[in-house]
């Protein structure tokens, strides 16, 4: 036992220190720079107090992007969960073609988001893309997908749903497949119909997997910015801007380093707080509390 | 629910979804064989019937006149992905093994807190990290180099490796470790000889996640490398402009995701029920 | 309370294979209403297949399953009106103990007052009435098993309660009390119970009748006493009882049974036509004696195993191994050679491995 | 070469896992540690193996501090209750694993693996993976691996607990011969079953709640249990323990008629005692004290009748299988000449005479 104490650090420390070194500098740098007036014409670490934070409070474009992100992330994850769970329920007892389903659902989540966004951009093209062409065949009017704010958001959500529903599906399918079969037999023996079985057996048993899948997707969705860049560049105007994309504009394109630092930290803290609260609420909603 | 219409309903839903999934690939595939005539007149789908197929798009991406070369970015992406994944897997499995088997206590910090520290890095938006990284790499002279990109990519992948492997190791009975030690293995030998050989499914899943996230990274590469080192997603996005040479873009896009599709076909068998659900808990 | 009949039922998981390899060879059985039966045998003996055929989970390759004379062979589990307790406790996690017990009745759309009365009655019998409002998932494994049992008992009309090794995951200390509780409950409610286990101790303690199975065949059905006193085959003699029954190969000369050249008087005859004649006797009935007499044989002590209150002597009689279970207070024979007495009434005749009781 | 534990203590979350455990384990002998689940048996083995640290106490081997020796240098083999083998290795490589670590030659490894697989009856299974074997066979592989090395210490932690009843009986018989010639190895075997402890052990250690209550030969422990707790642990079913009085040559037990004290209790002073009587020494008779049957258990060849006389529960062991119904009224007869007498604290004061001489004095 004595000897093990010495060894355990040798396993842990290389990874832990590597990550800490890579992560801690950016954090400290961001904190420090958020109190400085560093920008393109004044690239230095001076101290201007909380001025950046004060500016941020009145930056309606920033707050609008945060609200938009909440709606986008919440909305797409919910749609992904419903579709993913529904499809998983459709096929989970089907042994035939299981490999085919899996591949079908693996491919979108594995392909590069920005590259797929580039393809989607062609698809949503107002005059040359297939979406409006198909709508036309159905006798519907053309939609200015990428140049009007409402449709642009729909387009963005479609891309997100296309890319990440498979992730939900695969996690939930794996969850369903690992469920014991006895509870379902017990429900059948007790005389429960399909709906009652879903409500009282399937859904509660899937609660832990559901919560985990939703949280993971919310975390990833809250970083949304790459596809925005490729698909709409935040436009039209700033109507599809997410915090990630707005920060990119402020910090990298316009080099408002100090100001973007302040916004970065605020964004990060808001994200952590929100996700923690959401995780706790979900756990309670699924009645996971107090269970091991 | 169990009526005779149920199978009809089921297969209709699946077929619709399959079309939705395949749509973008079909579009990219058909567009990659068009030229300006096939694009300008509005959407066309079927070669020969609706447009005359050419290979100009494909020729462009392999260095044809007026195009780009995707081979160099491909190799850059491959090197960065492989190197960062390998480093992350090695450091990650070691750390995950320690966290799964030994108890740590630094003040109030315990094992679960350390695991949380690793995993919580996934919450960091790349945009928050990229500005400090920019200056860090600039000061160290690693900006626009493969090495610089590998280092920051490790920050992206290490949490994934730790997360997958901790769960996997937790599923291996501790008695196996104990037995190996009783059989004369020191701690490191125990890990290498008794635990790693039993961890191949977990390592495969972790490697797959690392490879996918590494390959798909765009933001870091976009902001931290420019002219010397360009990765494949960068190269593809660079072709995406409002005046569309769509055939070149489509060919490049398909080329960029082809390795991932092959990977998907290959890893499918490893995603049997245990592996993925285990990673969630 | 329903009588369950198995008529010429056999099953193979790989259709078309020869009968010798079937998981369950064709057999007929009757489980009388209101009695507790145990199916016991080593893993792979077909007991679980038989249970699954009764529950409707497996449709037999041939034969009929009758519940009170009605053919249910083609009916799914749901339509058979049975209850089942599984190896791993199954409860509805999101419900309280009360809701769990009420669930089957709600599914049957009973009115509230009737459900309430029934749930309380059953909960009281199970000693769960003080925990009705608790979430069922917080209970210990043995109490969860009681809930599973209770969900079957609340239904007055339940045809049979099937139990599939319900004590597997229960702590050793609690096994005893749960076994006792199951026995009490089945005596009180008197459902038809089919209890599957690999543990003969459990089978004999719980059931009124035990069915010993091996390689997909029913070896013997009978009360625990019958299985002990008159095993129908050498296998049952080996499987039931610890240490196992002694089987000694004997000769038949001039119509007499002899062991090592000495006459062995028996209450029964062994048919002439058999190729292997054996005499079976329980170690409990083998006596170590000093005085020669009828049915005594010289023995040599090979080993003594101390079991505590008894010792098991391993001896050699006519070149064959024989065990005797001897009370501790009798001590260990000082001599290396002494006599064993095989009581006439307890020595049973086996022909080619099967008990043959012709007098 | 002795392995000596002195005052080993371990408390986890306020629960004593080991409480001043002192014992000496001798090479060439088989020590059985008997106790109920959670008695601390497994913890003790893990401490001896070096897998578990203790709060205090000493452990020495050949006079050297064994606590300082890391697991991989303790020259110890262990067989677990769960069938633990290396899942990725076949049977041959599993058994060869420790031999390769020890740096033996290829030929020597081959020879030892083959011979120890033969000893456990798995000669033809070399190429199988553990997952392709039955539980009993997996445990045999684990046993072969432990035996092949010829370690100085061999620990077996309830190796039969997870096996089917008949298989357990069979392996238990085989163990007798398997462990009969262990040379210089210290063998320690834990179990919950009295018959197993009695049959296999040269030395029996009785553990309860982290403490060692008694150490002795099987006969000693069985015939002179130091306390009522030992008496109930070493007997299956547990010994009947009840309170009674000795007064002017009469033994009085609540619910029973007073009887004359039998010879072995005759010189005890008057007072309150706890009496112990084995289940085999209570019988059902046509006349006697009436008790109500609360439960009946049947093993393969014995019937255990649980009956209550007033408030006092008794268990009666009858040879053979008998049909006794719950709720029946039965007549109990106690054998006074078989009474164990313990004082009020539960320490042994008198035993009935078996082969050993009765304990003298208080």
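Chains here go by letter, A, B, C and D, matching the order in which they are written, and residues are numbered from 1 within each.
We adopt the following convention: contacts are C-beta pairs under 8 Å (C-beta built on N, C-alpha and C of every residue); 3 or more make two chains touch, one makes a residue touch a chain.
All of these numbers come straight from a predicted model, not from anything done at the bench.
Novice: Determine the set of chains touching chain B that also touch chain C.
Specialist: A, D
Novice: In terms of C-beta pairs in contact, which two chains are most connected?
Specialist: Ranked by contacting C-beta pairs, first place goes to A-B.
Novice: Go ahead and note the Å separation of the Cα centroids belonging to chain C and chain D.
Specialist: Taking the average C-alpha coordinate of chain C and of chain D, the gap between them is 27 Å.
Novice: Where the CA atoms of chain A average out and where those of chain C average out, how many Å apart are those spots?
Specialist: So the centroids are 57 Å from each other.
Novice: Return the distance between the CA-based centres of chain A and chain D, expressed in whole Å.
Specialist: The mean C-alpha positions of chain A and chain D differ by 58 Å.
Novice: Name the residues of chain C that each touch 2 or more other chains.
Specialist: Not one residue in chain C touches at least two other chains.
Novice: Mark out which residues of chain B touch at least two other chains, giving numbers and ranges.
Specialist: Residues 186.
Novice: Hunt down the residues of chain A that sit against at least two other chains at once, touch-wise.
Specialist: Counting only residues that touch two or more other chains, chain A contributes 3-4.
Novice: Per the contact definition, I'd like the list of chain D residues that touch chain C in the complex.
Specialist: Within the complex, chain D touches chain C at residues 36-37, 134, 164-166, 169, 173, 176, 192, 194-195, 198-199, 218-219, 222, 234-236, 278-280, 295-301, 317, 319-323, 326, 354-355.
Novice: Going by the contact rule set out above, which residues of chain A touch chain B in the complex?
Specialist: The touching residues are 3-4, 7-12, 14-16, 18-19, 22-23, 25-27, 29-30, 33, 87, 90-91, 99, 101-108, 110-116, 118-123, 125, 127-130, 132-134, 162, 166, 170-171, 174-175, 177-178, 194-195, 208-209, 212-213, 216, 219-220, 222-223, 225-226, 230, 243-244, 247-248, 251-252, 257, 260-261, 264-265, 267-268, 271-272, 275.
Novice: Under the touch definition given earlier, write down the residues of chain D that touch chain B in their complex.
Specialist: Spelled out, the residues of chain D in touch with chain B are 49-51, 70-74, 76-78, 80, 82, 84, 86-89, 97-98, 101-102, 145, 149.
Novice: Sort out for me which residues of chain C touch chain A in the complex.
Specialist: 55, 57, 76-78, 82-84, 86-88, 90, 92-95, 103-104, 107-108, 137-138, 148, 151-152
Novice: Chain C touches which residues of chain A in the complex?
Specialist: Residue list for chain A touching chain C: 180, 182-183, 185-186, 188-193, 196, 200-201, 204-205, 287, 290-291.
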